[in-house]
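The structures come next, written out as structure tokens.
In what comes next, chain A is part of two complexes: it sits with chain B in the first one and with chain C in the second one.
Take a look at the complex of A and B:
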């Protein structure tokens, strides 16, 4: 879902950058106030893992491949959508600047789609679904699928505003491909949460509901 | 649960970091050999709206997903497509390992810096 430079005209790209920067500043504030010292290794390892797995494209049929984005995973594990913004911003900077994956001018839009939308949709749908299904892993998988799917629809709308994709075919194709790619997102998110949960349950924020209330 | 039991049940930080990084490195190296070369969802959509593929057909080998773009900015990254072309597969592995290390170090560094400034 990494938007290349060519896909968004500069004035629009600048607007996405400004919106993204607001969330990046809020994410840095989250890290300063909420990220405890003992979680720094977790967030660093998680980010390294997310970077690695993003390079691992899996075929989903229809001549298309996809990979985990990891926004929902980061937000659920660290107990805040801003954790996703924090991790994805750094991952996207390295991907764009060092590896040419995702543009420089379009990095703001990519941070919004994968970090902000992915993180917020993943986090809040996880806690919403969890209140109906008393389990840690199924809600995580569904939330991760939703995070992938809704980010993709947002991306399709941005591509329409940019004049790059027509609206309806863009939404249909982005929706179809990411409905399939979202299955990868769901399975790996639930699997990774299970792994962290069994090795370091103390690092997880699974029980913590929105705004720090105990779920 | 007492503190000792907790201590036994959980893995210590160094082991957790080491295992986590090894998993990331294994995934990264495996990606060099096993990752699908098919276009991603956004690129496939681009090929679809350009009429180069149908919704469910295979993607054309020589399809140019970025041909549709209207943006004018261009940037040449040091390791495009996660590869170091001169070195072949070894270069790809080096590029990915480098990326994993940079991300890890950057997050550690930025987090600690923010904490010190707080």
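Take a look at the complex of A and C:
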């Protein structure tokens, strides 16, 4: 899902950068106000953890593999979509500058896809579905699937606007592949949240706990 | 990717002229080359700036003392990130062209078009030049140096602090990740082993990921407390000493930027010959 350099023309890449920067600034403000600036080191270490988590190869089926994006996981556990924006921005900077995964000019688009869309879709769909079905782990799985799938569709649309990939084949290819990866991302996210909730319930949403945990 | 962390950092700890170069110089040159390459129109003559910039990269790489094999190894690891999209280009009618000439007809009505092959080649040239400069930057500059350079270039101190901490713990988690993988191997667990129930494989992976998340969180808590003990507060920042760019380095930077800009601008002007020739003819 990482768009490399040269796959988006410079003027469009600049627009995505501006949009992404707005969310990055809002995420920094969230970190200061909601998280308290003193706890920023904690988020930094967590970002390193998310980076390692992304290294796990997950079996998708039919010989293909994928990896966790982690945006939904971070947003759900830390209780804010801005947590995903903040963490994934740092992760994407390191991936782009050190490992060449993603790009410099396309980093704005990648932050929008994985951090902003992944985080916001993951967080709000989790809370929306949770309020409807009163369960903590199924909504997490669905939210992670949606975050993965919608981010991939956004990526396909950006590539179409850039003129580097046709719309319909792009949506079919990216949509199908990430719909499959999304199922694994959903199951793994739900499993990870279950583990975190049972071993360290105080971590969920920075101590608030998932629905029903207060009871 | 994380498995490569130690290797990349080891390469970056070299002692060549390029390694010793101020990180700011390398960051500016790498970013300038990438932006210049991306800015160039998607036209077949991209080969000219592509070759010029790649030649510039090759000269710097040669001075870094790193082998061509090192570059190729890193290139092969990065190529899959973009190569599949580039390969698929040849089967589609790209929106930048009006007419399409099939050069190969495959079953199921699939065609390979000359124009699409041309566009795929343009993308490939741009992609390879861009990632080459990223490889150059990260293979000759340690992450902490890169961060200090970015701070000196004006990156906000909050970001520098967070990224600095993240980099430090990246190595810790790379090691933890390695241990988890070793434990999997010792117990003959393979996530892609079809003899194991799929549900069991996913559960094991989910727990490994969940425990890594908890470990990183708990490490974060310990780091935070130890930082508090050492006087950390909300007004703290990562101190980066001021450093002047050497005159030689500055000369190299100016030369490099001029070369990159000229290497892209001149072919562009020639491509739009109509704009250049009247100016030249008026001079004559």
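FYI, the second predicted complex is superposed on the first by the 186 of 215 C-alpha atoms of A that agree within 3 Å, B and C clash if a C-alpha of one lies under 4 Å from a C-alpha of the other, contacts with A are read in each partner's own complex, and residues count from 1 in each chain.
Just so it is clear, contacts are C-beta pairs under 8 Å (C-beta built on N, C-alpha and C of every residue); 3 or more make two chains touch, one makes a residue touch a chain.
From a predicted model like this one, the values you see are computed outputs, not experimental measurements.
Once the two complexes are overlaid on the shared chain, A:133 sits clear of chain B and of chain C alike.
Of the two partner chains placed by superposition, only chain C is touched by A:188; chain B is not. Judged by the touch definition given at the top, the superposed model places A:22 against neither chain B nor chain C. By the touch criterion defined above, A:14 reaches neither chain B nor chain C. When the two complexes are overlaid on their common chain A, residue A:42 makes contact with chain B and with chain C alike. When the two structures are aligned on the shared chain, A:166 is found in touch with chain B and with chain C. In the superposition on chain A, contact is made by A:73 with chain C only, not with chain B. In the three-chain superposition model, chain A touches both chain B and chain C at residues 2, 4-7, 9-10, 13, 28, 37-38, 40-49, 51-53, 55-59, 65, 90, 94-101, 103-105, 159, 163-166, 169, 173, 199-200, 203. Partner chain B is touched in their complex by these residues of chain A: 1-10, 13, 28, 31-33, 35, 37-38, 40-49, 51-53, 55-59, 61-67, 86-87, 90-91, 94-101, 103-106, 152, 155-156, 159, 162-166, 169-170, 172-174, 176-178, 181, 199-203.
For chain C in complex with chain A, the touching residues are 1-4, 8, 31, 34-35, 37-39, 42, 74, 78, 81-82, 85, 88-89, 92-96, 123, 126-127, 130-131, 134-135, 137-138, 143, 146, 158-159, 161-170, 172-174, 176-177, 191-192, 198, 201-203, 205-221, 223-224, 227-228, 232-234.
Residues 6, 9-11, 13, 16-17, 19-21, 23-25, 27-28, 30-31, 34-42, 44-49, 53, 55-59, 66, 68-82, 95-96, 98-108, 110-112, 114-115, 117-118 of chain B are the ones touching chain A in the complex. Chain A makes touch with chain C in their complex at residues 2, 4-7, 9-10, 13, 28, 36-59, 65, 68, 73, 77, 90, 93-105, 159, 163-166, 169, 173, 184, 187-196, 199-200, 203.
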